[in-house]
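Read through the structures below before going on.
Look at the two complexes coming up: chain A is in both, with chain B in one and chain C in the other.
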Partner chain A sequence: MDQIAGKSLTELKRLLDRGEVSALEIIKAFKEQYESDRKKPAPLNGYIEFFNDAEELAVKADEARKAGTSGILEGLPIAVKDNILISSRKATCGSAILQGFTSPYSSTVVERLMNEGIIPVGRTNMDEFAMGSTCEYSVYGPSKNPANREYVTGGSSGGSAAVVASGQAPCALGSETGGSVRLPASFCGTYGFKPTYGSLSRYGLVAFGSSMDQIGVISGDPDDIALVISVASGFDSNDLTSEDVDFSALFPLKRMRLKGKKIAIPEELSGEGIDKEVGIVLERFASWLRSEGACPETVSMPLLKTTVAMYYIIAPAEASSNLARYDGVRYGLRDITGNNLEDLYVRTRTEGFGDEVKRRIFLGNYVLSAGYYDAYYKKAMQVRYLLKKELNRVLKEYEYILSPTSPVPPFKLGTKIDNPLSMYLTDICTIFANLALLPAVSIPAGTTSKGLPVGMQLTGRMFDEKGILRAAKTWFLKESRGEV
Partner chain B sequence: MIDDKVLNSILYMSKLKVSGEEKENFRKQIEEILSYFKVLTSVDTENVESAAGEGVSIEDLRVDEIKDSFPLAIIKTFAADFQDGYFPVPRILGDGSGGEYK
Partner chain C sequence: MKYEVVIGCEVHVQLLTKTKAFCSCENRFGGIPNTRVCPVCLGLPGALPVVNQKMIEDAVLAGLALNCKVAAVTRFDRKNYMYPDLPKGYQISQYDMPVCTGGKLDIETEGGKKSIRIIRLHMEEDAGKNLHLEDGSGLSYVDFNRCGTPLLEIVSEPDMRSPLEAVSYVQGIREIMKYLGISDCNMEEGSLRCDANINLWIYEDDKRYETPISEVKNMNSFKAMRNALKYEIKRQLAEWQEKHLSLMNTGKVTRGYNDKTGETVVQREKEEEADYRYFPEPDLKPIVITKNLVAETGRRVGELPAAKRKRFVSQYGLRKGSASVLAASKALSDYFEAAAKGYGEPVKIASWIITEVGGYLNTEGLTIEEFSLPPENITRLMEIVDSGIISSKIAKKVFARMAGSGESPDTIVKKLKLNQITDRDKLEEFVAVVMKENPQSVADFRKGKDHAIKFLMGRIMMLSKGRANPQVSAAILKEKLNNG
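On to the complex of A and B.
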């Protein structure tokens, strides 16, 4: 079978279902792709680990298919971000503090996918504890952009985007708190989907900003995303913020008739502050929508100017609490060179956390402290309330919100690593969806003059995953298959 | 904007240490970020509810029942140190100086 490694999850499923390829052949093809990349002078560094027993699991999957006991995803590979737990596998969140940690249980999302026979093939690189927008804040070093290895992948799920864009996996799980799936998807030229908060269980996703954290999916084909969501979504008693949604009929996605659909383009995310080449791709995408009969219109949403500030108060506040558990006592790194328990905490955390994580823990504790709480945390949560109202008002009149996924195209490695504020501003287009709990998808919509990918983002109403994924599929059919 | 007292106090709460030469850069970065947060002051929030407190209502919480935890055999596999069914830690009482911060 030629070019297995370039095929999507749904194409591979079709081939497996027809018996035209075996699970073992599939896993071998992706492993080969990974191993050949490792031999290159500048490997992509997308995987932290490709599981040694993946081929063994593929043999079992082939046996299950022969015995007629297979699940609907039997033998299909998926890459998994290093902060989504898989039982008996290591999980480090790209951090030194979790070196050596092996998870005693699986996340609900992984478990549901594995119950249908999916094979997690490896752990993917990420910014430490998902805090970053470039995948450079990883203890394993940065992942590199498959379009040009001198450029960042975007983050934090940069490893997941890199392995999908380079054919080392057909599909990958990432996680989002402020755009960590959509941003790397945009930079690497893949689709990246963040479900509505609550559509997927957070159980087994290592906590960062619990009011926004959500597992997401990266693939080159929107149908792969629909397939994964259809299996993994729904209420989970281990996460009481998960919702009793039924997306079982999401896959396969149907083409969408866009005629007459009103689409809002935020003035604040489409003019000043948006890179010229990104603006050109936005205009091209809007023209396509118009050609399909949709009605994109520029709409002012002033609070979008404040989302970076809001997010970088709320997310670190939650992180400072969530990351208090890394204390050197129960698991992970442990530095006992000091004199007492206090020294154990401080030395372990100081040694184990990288600079960005330290900054965010500090910021979180600062904005929650007496004397600063009202001016920062309380204020941000009040503005968040207003933002939700503003977006829901817009989404009553308009079906979707269209914006670039990032205000800038991919940039060179090292450009922003020492300037945290500049790094944070990269997130300005994505974080409103997280703050307002909305579903959003990044769509590979074009390239810059240097051939670097540029993504456009559609954000939908709460739990309208079907709408935005069908719109993405309609674009996919035009771009990849020439269907109009 | 962030004097030594505030810096040390937040580091103390964070259980983190920033060494001498890194301290000024750390302070500068934090001050720059905090200064950017002022963009929020342009939003009138008088009499506005807070999004805090939204989420799961108490009626929706799962029943408070005792379930099995991980067996000790599993805990041992991920514990950095585990002896006689306990996680050993260094002595809790210091010398009264407040540890390494002061």
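On to the complex of A and C.
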């Protein structure tokens, strides 16, 4: 069986089910792909750790298949972002402050997937605590874009996108607070999906911006995403913000008849401020939609201009509180060279957190502090409510919202790392879905003249994961047959 | 100098729920340090709180008992501050949407009844405990067993005008919480904690001056509370005379009471007061409290101890002391009323329940709720004593057996033959009467007609209504006949 690495989860499942390949062969193939890349002069640095017992687990999976006790994902590999907990595995969130932390429990999503036999093969690189849009703010150094190693992967789930795009894993879990799955998927040329807030349990996902955090999936095939969501979704008694949804019939995805579907293209995310080459891909995608009989049209949604401002109040506020627990008292980094409690806190956190994390903690504490709360946090929450209303109004009339996933194509490593504001603006197209809790998918829709991937984003109604994934599948089928 | 004392109280009450406020760990005092913990109450990365429904019900119950208004929608907020005993770096508490507001509690004062207004009652989680080694090592440890214990915080208006009133108020809260069975309110174990805000209104030159408010902590008994507040009055008076500082100049200080010295010492000045950066807890949705729950809970509150005490005095003629003991617990007062039903002397029943039942429960380490003896059995036992069948001394024996075995008093009396008269003096009386009334039989016996003794015994049994002990009676009779 040649060319295992590079195949999708769905294809591998088919081969496994038919007995044409063993789990061990699969895991070995991906491991080899990872190891051969590591020997290259500029490795992608997608994995922080490839689990050295993955092959053992594959042997067990093969035995389970033989014994007829296998789950529906038995022996299939998945890469897991470093902020999604797996029992007895390390988890560091790309941060120095969590060095040495081993999780005593598994996140609900991983547990549900593992109950069906999936094998987490490794932890993927990320911006520290998922704060970043390039995967450069990692204590392990940046991941590199498989399309061109001088370019960023996008972030924060950059490692997850890089391992999928380079055939080091068929599929990966990432996490989103403001676009951290879709953006790197777009930069690396894969599909990236963020479910509706509440579709997947957040239990065991290390918190950043709790009111927006959501685990997402990255893969080269929308069906992989549907497969993972169908197993992992639904109410979890450990997360009271999770919802009682039933996506068990999501997989396999049927193609969607787009004929007559109304699709809104926000004026604010399609004209000014959008890179020219990105605009060309958007136009091409829109004309494909038209050729399928859909009706994309430009709609003005002025509040979309406020999303970055809103986001950079709400997310840091929540983060400042969520990250207060990293204090050197119970786990992770601990600097006891000082004389008192204050020293323990200050030294541990000064050493343990990187600049971007510190920036957001300061920002979050500031907007929550007495005298500023009303002007910032409260105001942002009020505007967030209005944004939700506006988007839901648009989505009543239109089936989906179409926009680029990023206003710019992938850029070179190091170009924005010292300019946080310009970095933050990279998220302008993705953030609104997180603020409004909506499901959204980034679709690899083309490339720039330099051959760098460009993604288009479809955002759907609350809990209409099925709709946008089927639309993505429709594109996937046409595109893989060269019909677009 | 003319002055008035002004006191307001913040009372924390630990609830007796089976599990903690936001996780399923057992909620119990003490234990080997860090054995009653889980990812949630340890604040591990990725863990999420799950609200204990019983905590909400208890809060509503307590609120209604304190004449509060129950919110239709209530919400949890994060109170952010860092301390080693607070593993998340924030406490889940309630800020601007507490579960209950606007209640009152009546207390008895020298001047008669007085209403103390209650501003609010809210739910929050307790912190762990820091343990500082006193072996010169300077080491400190944290025990998280207590962490996550559900608390109610009850905040009063500054309506109390003396330490005595403040003590009465807290005693009143304690009485109600214990009566409702939602807390054991043990001040030494810290399941009831009170912080008092105290200052003086000093009237000088036709003006009113307010001294700086002290928030007094560490009052671990009612005696400590009285002493601490008395000390504060003296201290504030002296400070006023010396420095003439008023609330306007200095604001509020936190002072800790030292039980050994009987003094309060400064813990924190106003400037050091923390900014808690409250914001809505994003991990929990707002909680809707249905009218149904409020109505049902309202029925559960019923008659409270103060009213019950009064009624017991007027309806049953109990002394105040007995009435207080019985009215302190719903189960105990119900037990008393059931036993007193249809029995003419409730005072006797009351004292039986207090001394005998109370003593039994104490030695067996049981609560009245766990006591399975039907109250009617106590009533029946009293009736048996009243009819002279057994003495009250014997009745205690019967009670001891019946409390353990659950048999009815009649059965026990019969089984143990307690209704037989074995008292020698009493039996000698019977013998004397019978011998006197039947001289012929006596003479017959003495002539050697042994059967005469049978006849005389029959007479004795008739006279004693069958209760005379046959063996002892026969022995006495023979003795008397032979000695005649």
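Here, the second predicted complex is superposed on the first by the 481 of 484 C-alpha atoms of A that agree within 3 Å, B and C clash if a C-alpha of one lies under 4 Å from a C-alpha of the other, contacts with A are read in each partner's own complex, and residues count from 1 in each chain.
Note that in this section contacts are C-beta pairs under 8 Å (C-beta built on N, C-alpha and C of every residue); 3 or more make two chains touch, one makes a residue touch a chain.
Bear in mind the structure is a predicted one, so any value in this text is a computation, not a measurement.
*Asks:* So in the superposed three-chain picture, is A:303 touching just chain B, just chain C, both, or none of them (first/second/both/neither)?
*Replies:* Touch status of A:303: first partner only.
*Asks:* Report the partner of chain A that touches more of its residues: chain B or chain C.
*Replies:* B
*Asks:* In the superposed arrangement, which partner chain does A:379 touch: chain B (first), chain C (second), both, or neither?
*Replies:* In the superposed model, A:379 contacts chain B only, not chain C.
*Asks:* For A:197 in the superposed arrangement: first (chain B), second (chain C), both or neither?
*Replies:* neither
*Asks:* Is A:206 touching the first partner chain B, the second partner chain C, both, or neither of them?
*Replies:* second
*Asks:* Is A:330 touching the first partner chain B, the second partner chain C, both, or neither of them?
*Replies:* Both: A:330 reaches chain B and chain C.
*Asks:* Is A:285 in contact with chain B, with chain C, with both, or with neither (first, second, both, neither)?
*Replies:* neither
*Asks:* Figure out whether A:251 sits in contact with chain B (first) or chain C (second), or with both, or with neither.
*Replies:* Once the two structures are laid over each other on A, A:251 reaches no partner at all.
*Asks:* Please work out whether A:321 is in contact with chain B alone, chain C alone, both, or neither, and reply first, second, both or neither.
*Replies:* second
*Asks:* Have a look at where A:388 lands relative to chain B and chain C in the superposition and call it first, second, both or neither.
*Replies:* First partner only.
*Asks:* Common interface residues of chain A with chain B and chain C?
*Replies:* Residues 101, 104, 211, 237, 240-241, 320, 324, 327, 329-331, 341, 345, 365, 369, 377 of chain A touch both chain B and chain C.
*Asks:* Please output the residues of chain A touching chain C within their complex, sorted ascending.
*Replies:* My answer: residues 83-85, 91, 93, 98, 101, 103-105, 107, 202-207, 209-211, 237-241, 317-318, 320-321, 323-325, 327, 329-331, 341, 345, 365, 368-370, 373, 377.
*Asks:* Tell me, which parts of chain C touch chain A in their complex?
*Replies:* Where chain C meets chain A, its residues are 39, 42-51, 78, 80, 82, 84, 87-90, 142, 275, 277-279, 282-285.
*Asks:* What does chain B use to touch chain A in their complex?
*Replies:* Result: residues 6, 9-11, 13-18, 26, 29-30, 32-34, 36-43, 45, 48-52, 55-56, 60-62, 70, 74-75, 77-81, 87, 89-95, 99-101 of chain B touch chain A.
*Asks:* For the complex, which residues does chain A have touching chain B?
*Replies:* It comes out as residues 100-102, 104, 211, 237, 240-241, 303, 305-306, 308-310, 312-313, 320, 324, 327-334, 336, 338-347, 349-350, 353, 358-359, 361-363, 365-366, 369, 376-386, 388, 420-421, 424.
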